[in-house]
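Before anything else, here is the set of structures, which you'll find just below.
First subunit A sits with subunit B, and in the next complex the same chain sits with subunit C.
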Partner chain A sequence: MGALLDVKGLTVEFATRRGTVQAVKRVDLEVARGETVGIVGESGSGKSVTSYAVMRILDRAGRIADGSVAFSGLDLRAADERGMSDLRGREISMIFQNPRMALNPIRKVGRQIEDVLRRHAIAGSMDARARTIAMLEQVRIANPEERYHAYPFELSGGMCQRIVIALALACRPQLLIADEPTTGLDVTTQKAVMDLVTELTRARGMATILITHDLGLAATYCDRVVVMRQGEVVETAPAAQVFAAPQDPYTRRLMRATPRPGATLRGLLPEGTPAPPAMRAPVAGAGAPLLRVEGLVKEYPRQGTSRTWRQILGGGAPADAAPFRAVDGLSFEIRRGESLGLVGESGCGKSTTSMMVMRLTDPTAGRIVLGEDDIGAIPARRFAASPHRRRIQMVFQDPTDSLNPRFTALRAIADPLMRMGGLKGRDAIRARCEALAELVGLPLDLLDRFPHQLSGGQKARVGIARAIALEPELVILDEPTAALDVSVQAVVLNLLEDLKSKLGMSYLFVSHDLHVVRLLCDRVIVMRQGRIVEAGSAEAVLEAPQAAYTRELIAAIPHPPAGGKAVRASESVADARDPSAG
Partner chain B sequence: MSEIPTALPSLAEPAPPAPARPATGFAAGLGHARHVAASNPITGLAFAMFAAIVLAALLGPVITPYDPLASDTAAALQAPSRAHWFGTDQVGRDIFSRVLVATRLDFIIAVSSVALVFVLGGFAGICAGFYGGWTDRIVSRISDTIMAFPLFVLAMGIVAALGNTVTNIVLATAIVNFPLYQRIARAEANVRREAGFVQAARLTGNSEMRILLAQILPNIMPIMMVQMSLTMGYAILNAAGLSFIGLGVKPPTPEWGIMVAEGAGFIISGEWWIALFPGLALMLAVFCFNLLGDGLRDVIDPQRRT
Partner chain C sequence: MRTLARRLVTIVPTLFGVVIVTFLLTRVLPGDPAAYFAGPTADQASIEQIRTALGLDRPLPVQFAAYVRDLATGNLGNALSTGQPVLSELATRLPASAELTLGALILSMAVAIPLGILAAVREGSLIDHACRVVTTAGVSLPVFFTGLLFVYLFYYLLGWAPAPVGRLDVYLSEPPRITGFLTLDSLLAGDLEVVRAALAQLALPAATLALFSLAPIARMTRASMLSVLSSEFVRTARAAGLKPRTVVLTYAFRNAMLPVVTTLGMVFSFLLGANVLVEKVFAWPGIGSFAVEALIQSDYAPVQGFVLAMALLYVALNLAIDLIYGLIDPRVRLDA
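And now, the complex of A and B:
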């Protein structure tokens, strides 16, 4: 018996302005019935393109140049468009990264599932609805009869992804391709979604291809893992083995760079990286409180008719008009030279908190004291002109979005110097920018490039250089590595740690990833629904969490089976060799 | 101390391929333009036509074979010939000379009205999109009010009320185009209001007005340029239309709209050339600006290319 999906020597080419580019090079891939195969790789590794080629949904510039794709004996490369269209959804279906984009925003979710069932003649007009509700039940949507009538915008991200899964599985396909199905979802939601996919596919004996950048996720949920790099398969092995004893040097590097229990910040870097001398610049008044936040509250009015209209109509405030409290009485302190981690899932109020501390939003109540000055009392709209502005800076989550697409890297870094640094003259500014670029490890010849000509890691460095240009006392890091590949993340995290000890700054690190926070932070605050659930030293919170919610968070992080021990063993070797680690 | 950053490994991911030289400056822009012209020859044609129109506007009065105002009743209503390429009108004026000279006037009306509406509509729109609230409400309602009238009728009314001058044609054309610019600028500014780079600019001490002008404006400039090119055709048509019905430019000034109007009466008696050639010039100009707009859009946004 042959494999369900048999890909041999697949090569995909894209026609671009600079000639043809091979995105996928001679890839072999086999998926047996009932097997779950993970395709792991960083951005640009060709992992998504491979699956698009299998589904024959490459965009117009791309074409399959060579190789064969056979699906249960059927040659997909030779199949005509009509045949493929019948196959898609019924035999092979796909889950995309962003569930909201994958659903039609103006059609009821129940209808969308019905559409698929009818398209493939699985259900007629009589039983479509009943089958749809049964599908919704299977993906564990509460009140399926009611949710049938919901529009995508009425559902949370996790619920939307469940609907997409219901869509994908509605016609009982033999193969499911999940392309980063949980990126952008919270860890607890990720766990719920992945458990659901695993359970449903196992119960139906389906084969699954899980495409992800997260080695931990792949190792936890897959039988076999295929590691790709720049369009080529570098390693194929059973999941447990990939984690325990990675064969290829690239896989090893990827493994090392993945933040996990027991890892150290230096340990994330490739083997053989010279460890920088462990040194801590004496921080002026280290340990003295730098930022004090007391009883911080942020309220948003509930959505609906605006207050003005209510006043005009004379209806008065409706009964449920109690404002929504995004941040509810938060108090914490950051000492000089310290890193504080702020952890929580989306909607917990961590971003609102960072925006208030950053003085981009005004708090409803509470005090924000930086050093001796109550900066919370200065309105956010006037804070740009305040002398305190330069003392507190930020590194943004998305390095692409936070750089003006029409400014060069130099212009971006120079902006704070010109506005607040009082630096005059083209040469003086350029010299200072070059010094900053050197500090963050950005090659000087990249300074004249525009953001779209830089890679993700380089853009992150520009953002960091801009934030530290005025030597602020406090830097807020808002998920600074969330949009980066793990190997780049490892480098950037190390850079941040080096800069901190060198310049004596304090960090407020906002993140959803407990493992990343543990690497960089001394203390951690876990937030939920605008309140602090748990606070303590990073080690204590991660190793021995007190609150039930923290335990739930930690449990939801994918834990690779078996292999863990071996990893830790090899890690301790690395630690012994690297005295400055930690 | 500076060995710390260099001790870190260089980034594992390759940088996107960048041109050997940074893509700034005139040469890079020219290279880009050549690429676009090569991949879409129609855009190249539009640019060539645009150059011809500009040249005619600049040199028109110098290169005409006859005085566009000189009448010669002996040579009235002559069909196109070697001496008079486009023929002559009822008082013997050379139509080719008149069409050529009219280019300047029509071009000036179009350019100045588009420039005016670009500044007014663009600025009002950016403010509306960036500040929101009452600014947005007031500016947007003004646009809605303008849109509530049939645009050409509104333009007629403005010129009729303010007086029959070139300035008023420019003003009327600008006013009827205001909502187009205001809405585009508003939408573009609105999506960028909370963008990361705007937040970052606030952190680096930029005032709100500076963010508006230095950070947001350059980002919405390209789409505004496309809009300018597209409305330029409409502005020419509008000006010619007003003159055609007797508002705006007065005879005997050579202007395409009036010339078509003057020639219209002679078509029935077989003198088709009087109306045809100015009409043709008008059509080609509008056609050129529309093609140019499409071409510019391709240059700016390759993904939307059809």
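And now, the complex of A and C:
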């Protein structure tokens, strides 16, 4: 029996302003029936483009330049658009990252699934609705009759992804292409979604291509892994083998850079990287408390009409709605020279907390004391003009969006210096910026470039340089590496660690990634629904979690090297023995 | 319904502002109505006498109170030039303008929206370029020029169109007034001959205006469609194998409609006020030419009435657009 999907020598070209660019170069890919193949690579590796080429949904600028794509013996390159459109959704379907964006925002989700069913004549006008609801049930959506009428914006990210899965599997295709299906979802949601996909595809004997940047995810859920880099396949091997004994140097580097249990911060860097001199600079008053947060509360009014309007119009929502507590009585401390990790899933209040400590929003109650000064008492509106402003700085989540697109790197770094540094004169500012650039490892010739001319890692360095320009005592890091590739993340994390010891700063590190937090932080706070679930040293919390929620979080993280295939094998054995074990 | 009620409440301050502005606007306009009314040969004493008779010598707040009182009773004053009450003048002229503008807008939409969609779907193709040429030409030719060109071509040379004089052939009798729209009224009266005649009169001026308004609608449709077509949910729809027709119309176009509806509202309000030239060319008894004449003669009351009527219309229009928004986009419905 031949392979279900057989891609040979696939080359995809994009017409750009600077001429033709080959995004995918001579890629070979084979997927057997019922097999799960992972395509792993960093951004720009061509992993998504490969799948779009197979589906023939490349955008206008892209075209398949060379190679062959055969699906069940059918030549997809030669198929006409009509034939392809019949195939899509019925034989091959896709699920995408960012599920909320992947759904039509103004069409009921049930109708969207129905559209697909009716298009491929799986259901007629009589039974389309019943089948849709059955499909919603299969992807474990509670109250499917009600959810049928929901719009995407009324559902959570995880629910939206279930809808997208239902849409993709509605016509029982033979091949599912999942393009970063869990990026942007919480770990526990990720686990639920991936388990659901695995279960449904296995039950239907479907083949799956899982496209991901996350080696751990690929290891846990795939039979075979294809590693791509800059449009080329560098390694293809059974999952367990890739992780146990990676052959290609690039795969090995990728493996090393992935934060995982047992890894050290330095260990993430490529082999042979000279270790920076271990210099624990004498931190003035190290160990003394720097930031003290007591009983921090942030309430938001419930959505709906404001009270004034209710009074004018009469009636309206009853005044019962107690305000929503995003942060509910939080107390913690950060000592000088210490890194505190703030971990939790989306909506747990960690970002709200960091915004309050940063003094960008006002707390409803509670105290924020920096050193000896009660900075929580200064309204956020006026904090920008406060002398304490320079003592707390922040590195933002998205290195691109947090830089002014019309400012050069130099101008971005100089901004705080000019506003608060009291530095006068072009030369003095330039000299200081160059010193900062050197400190964060940004080549000096990049200083005059604009953000769009810099890579993700370089932009992250600019953001860091800007945050440390005023030598703050506390830096708030809000998921500073979430948008970066693992290899870049490894470098940036190391840079942050070096800077901390060099400049004697303290960090408040906000993240959803427990592994990253463990690498960088001394102590960890796990948050849920605005409260602290568990707090302690990073080692203790991760190695021996006390709270059930922490254990759940840790269990949800896909673990790479333990052997992907091995886990699956033992799982299926367990399945066979005890049906309830799944 | 609750949304509607809430939205209506927000109109009150707007209306109040409009009343103040219309009142003040005419007071600061140059020209002395008393002097105009008295005639060129009048001496200072008779001008003063007329000023007192018109109440123009009293302090502004008092004049304003009188103005508001009159408004409340539906009294917009008399047009000095014709001697007719402004309200009745507006009542006959506003529907004429509205019919013309609406006709033009419908015509324009019927051409511009499909054109914009096609231009977006086949970006860079012949039809895309054709769309650009047509819309640019339409917007760059002044309306009085295209109007005259149409008259010359279709009335004088080809004889397809009736004489460009007013809304209806003088030999036909007007249908009983219900909506003020001749086409609708005659249709309601079941008089098909009048319907045909009214449509024939409407065709050229409406086409003239429509040509002018093609550009914003077609351009906005194209731009909005382009951005929606490259969005992720359209990719999902394509990856699910939905027919191109479904993807473009049901998925993309409905999402692309929001900015188009906004543009439509803007185009409508701007056409309504700016069609003076077309009204002049086609001797259309509309509100635009009426207001301009009143303005030239420093005739307060009709100008005030015109501005007030326009403002009310804009407010109603914006309300309608907001409601249409809610129909199109469930997210707007939620936080309206």
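The working rule: the second predicted complex is superposed on the first by the 551 of 582 C-alpha atoms of A that agree within 3 Å, B and C clash if a C-alpha of one lies under 4 Å from a C-alpha of the other, contacts with A are read in each partner's own complex, and residues count from 1 in each chain.
By definition in this document, a residue touches a chain if its C-beta (ideal position, glycine included) is under 8 Å from a C-beta of that chain, and two chains touch if they have at least 3 such contacts.
Keep in mind that this is a model prediction, so the values were computed, not measured.
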Figure out whether A:98 sits in contact with subunit B (first) or subunit C (second), or with both, or with neither. second
So, A:116: does it touch subunit B (first), subunit C (second), both, or neither? second
Quick one: classify A:55 as touching subunit B (first), subunit C (second), both or neither. second
Does the superposition put A:388 against subunit B (first), subunit C (second), both, or neither? neither
Which partner chains sit in contact with A:406 here, subunit B, subunit C, both or neither? Use first/second/both/neither. first
Across subunit A, the partner (subunit B or subunit C) reaching more residues is B
In the overlay, answer first, second, both or neither for which of subunit B and subunit C A:450 touches. first
Is A:430 in contact with subunit B, with subunit C, with both, or with neither (first, second, both, neither)? neither
With the two complexes superposed on chain A, say which partner A:87 touches: subunit B (first), subunit C (second), both, or neither. second
Which stretch or stretches of subunit A touch subunit C in the complex? 55, 57, 59-60, 85-90, 93-94, 96, 98, 101-107, 115-116, 119-120, 151, 153, 164, 167-168, 303, 305, 309, 312-313
Quick one: in the complex, what on subunit B touches subunit A? 1-18, 22-24, 35, 195-197, 199-208, 215, 218-219
Touch list for subunit C against partner subunit A, complex: 2, 5-6, 9, 123, 230-233, 235-244, 246, 250-251, 254-255, 328-331, 335
Would you mind writing out the residues of subunit A in touch with subunit B in their complex? 17-18, 42-44, 253, 269-270, 273-276, 358, 360, 381, 384-385, 389-390, 393-394, 396-398, 401-408, 415-416, 419-420, 438-441, 446, 448-450, 452-458, 463, 466-467, 485, 487-488, 491, 494-495, 498, 502
